[in-house]
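Chain naming follows the written order as A, B, C, D, E and F, and within any one chain the residues start at number 1.
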């Protein structure tokens, strides 16, 4: 990592990306929300009191991806070319797994967008299910892979 | 849990809270971001390239608490009376722990506000440190306690 | 209608509602999006390229209701207690009908919130279907009824 | 229409536009708000209680165009190069006609931006006039023409 | 001033207003934008290239008042009951004077809302006139008076 | 200045920048908030009741820069490549001086972004210090310099 961006006094600032070339960027992030078996079963059966859990969480996550720069103070505004979010209900692990893919033709990576979408989708799942289970825990929110940009590709070590 | 709010066709909707009394509400949520020992040491020493990590994450979390209803589709807009966020750098566990307290005089609980602030603070920590460590993981995001409202007080089981 | 709010020079301003009592308010608005029979059939069959049309439009409408005061310059910010949106696919009339109910315990009516949610739901339906039909028309967006407040109840004349 | 973007399970997602070339885009949308003759006359005379009707609606529409991607869940964020909105008071038809032009140098069409601006301008007209007329109806919101992009130019059939 | 709100470690937080009584609050703020005589004359004559200067600045200021809590990190969200903005073109002083009145029935003062509206109205005046004058200066942005709340009324000393 | 953008009827509109070339843009703006000597001393000592004054104001200003197009009605949305804000505590002049630098690779100047960030940073300073001093005044908010674009470079005359 270059330290040339380090403000001498350690003050927060949005680093200059003006000299970075525009390139195709992609990031995949994942996260999980752990819940009781009965909660997961009920979610799967469609019986949650606020309705339509997965569709609502998917839209919330997509919209959050587009607002990442408003939420994370030093993120640059950018124009994502694609966002998609998948859910996997894993009864064995007792969780819903969320996986988000973001793409951009731009000057910065999109890992924060993928992580933010994942987190907001998990929070929405919590909100939709909390009437039946307050002990749920959001965890394992992490970057799976990224492509594009000067720092090279990244794949989470197994 | 009452099922009276359940829309017969399972469609998403913002449930009616108009009949709930206004009362003092409080919620505490916590979360952790796990990182390499060297990352945590550098965070503590103030040497992150984007600057001022904890102050930036604290502001991001507080602002996110106020925007929870924009992010989580079925949350009601509300006027928080207090938000505070604390960080604890835990070298033994290899993480920063985030703890958020929200208060409201209103008709709905504020657990989503506390959880959202916690998540966005963790995401901001990720953003401020990702130049030196891409393997960080956000986890243990959960409700610690809540007070006020008809459903009674809650405290996470040990 | 009282003209006491009329600024002498005709300048825009947010009128004072501080003296109005807090009361239970409700408004219902409806609107329609007209489309080709084949588009409506495909929507019903679930074959639209962007996916999940009605769930997405419902969430978009609910979220827009909460942001009405940001969109309509002289609307007061308020804390809706309930928002629900229903869709009716009307093959005979060649349209989807959208119907929104908003409730508030507050000082102002919520007709703009119901109308805004309805319009944004219709716009989202347009967006989700436009790849197959660009001739769709949004129409009949109107207030059906309102209750509460000094000006009394309203029901659209037949 | 290509079906290649169709997610196999019909789930909502922001389709990938990363491979589309940047080109000059333009869209024109129109809409109408129908009102009583006396309302229209009073609007024209400048006697509405909230003041300055057309100027307020024009600003509201322009600002809404810029926020289309926040309102319509699957729209891409984009940087409009031009927005203008015209009003025509049509006493014979008993309505105000709104017409919006949007331009972009980008990868996606701007019809949703033109339609959203038109709808929000109509909603603002409703808000500014509703103290004297609650029976107003917003209708005929539609795409008039679009230029640019792979799918070719569009002009509404007469 | 009570120091009881002072977080022992000096960290930013939204102070608790839950124990404050709801009361009628009002604040008036003013500000000025200084410009060349020719710029002011042209503004008055209506010849600015972006059009309709004062109406646009007035709407911008009103909308900013409603978003103060999004802009100023530690401000509480609140529901203003009234916002009005007046402009005075002062050829002798070479400036436009902006004056904003905000009212609330609530637990916090509204001076930040009045000051934010005033600042954003001045910034909008700058934007509308900058094609003809880049030397404009915004100044004298200050609280004129406030009423309501425990700390008592305030009037700026002459 | 070209008058070709002047709408014949003087109506507000977002001018067309589609024909302008993309170039490197930069703007620097500054502003001051004047306060009592005791207030400034206390700010410097870190004893303000809401905590961490400069860090909070810096984040607020950076975030406001990214939202300029939402606040200033006729500003184009754009993707800033850099934002930084510096504070200088000037005991002799009895003020805090704020200085903002914005950069963009784009079609429009970024002076409004630099001025908006500066104003919101000053407003946040006011908010953080108002418990001890209500007489503070924000002034001297102005463009210092700009580079890039057809109209050429600008440097404020001494």
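Please note the rule applied: a contact is a pair of C-beta atoms (placed from the backbone, for glycine too) under 8 Å apart; a residue touches a chain by one contact, two chains touch by 3 or more.
What you see is a predicted model, and the numbers here were worked out from it, not measured in a lab.
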Other chains in touch with both subunit B and subunit C: A, E
Chains touching both subunit B and subunit F, listed by label: A, E
Equivalent interface positions on subunit C and subunit D, same or different at half: same
Chain whose mean Cα position lies farthest from subunit C: F
Centre-of-Cα separation between subunit E and subunit C, whole angstrom: 31
Averaged-CA centre spacing for the pair subunit B and subunit A, given as whole angstrom: 15
Two or more partner chains touched - positions in subunit B: 7, 11-13, 15, 52, 55-56, 58-60, 63, 67, 73-74, 77-79
Which chain pairs touch, all of them: A-B, A-C, A-D, A-F, B-C, B-E, B-F, C-D, C-E, D-E, D-F, E-F
Sites on subunit B touched by subunit A in the complex: 1-3, 5-7, 10-13, 15, 31, 46-52, 55-56, 59-60, 63-64, 67, 71-75, 111-112, 115-116, 119-120, 122-124, 126-128, 130-132, 134-143, 146, 154, 156-157
Complex contacts: residues of subunit E adjacent to subunit D: 52, 55-56, 58-60, 63
Residues of subunit E defined as touching subunit C within the complex: 24, 55, 58-59, 62-63, 66-67, 77-86, 103-105
Complex interface listing, subunit D residues touching subunit A: 7, 11-18, 69-70, 73-74, 76-79, 106-107
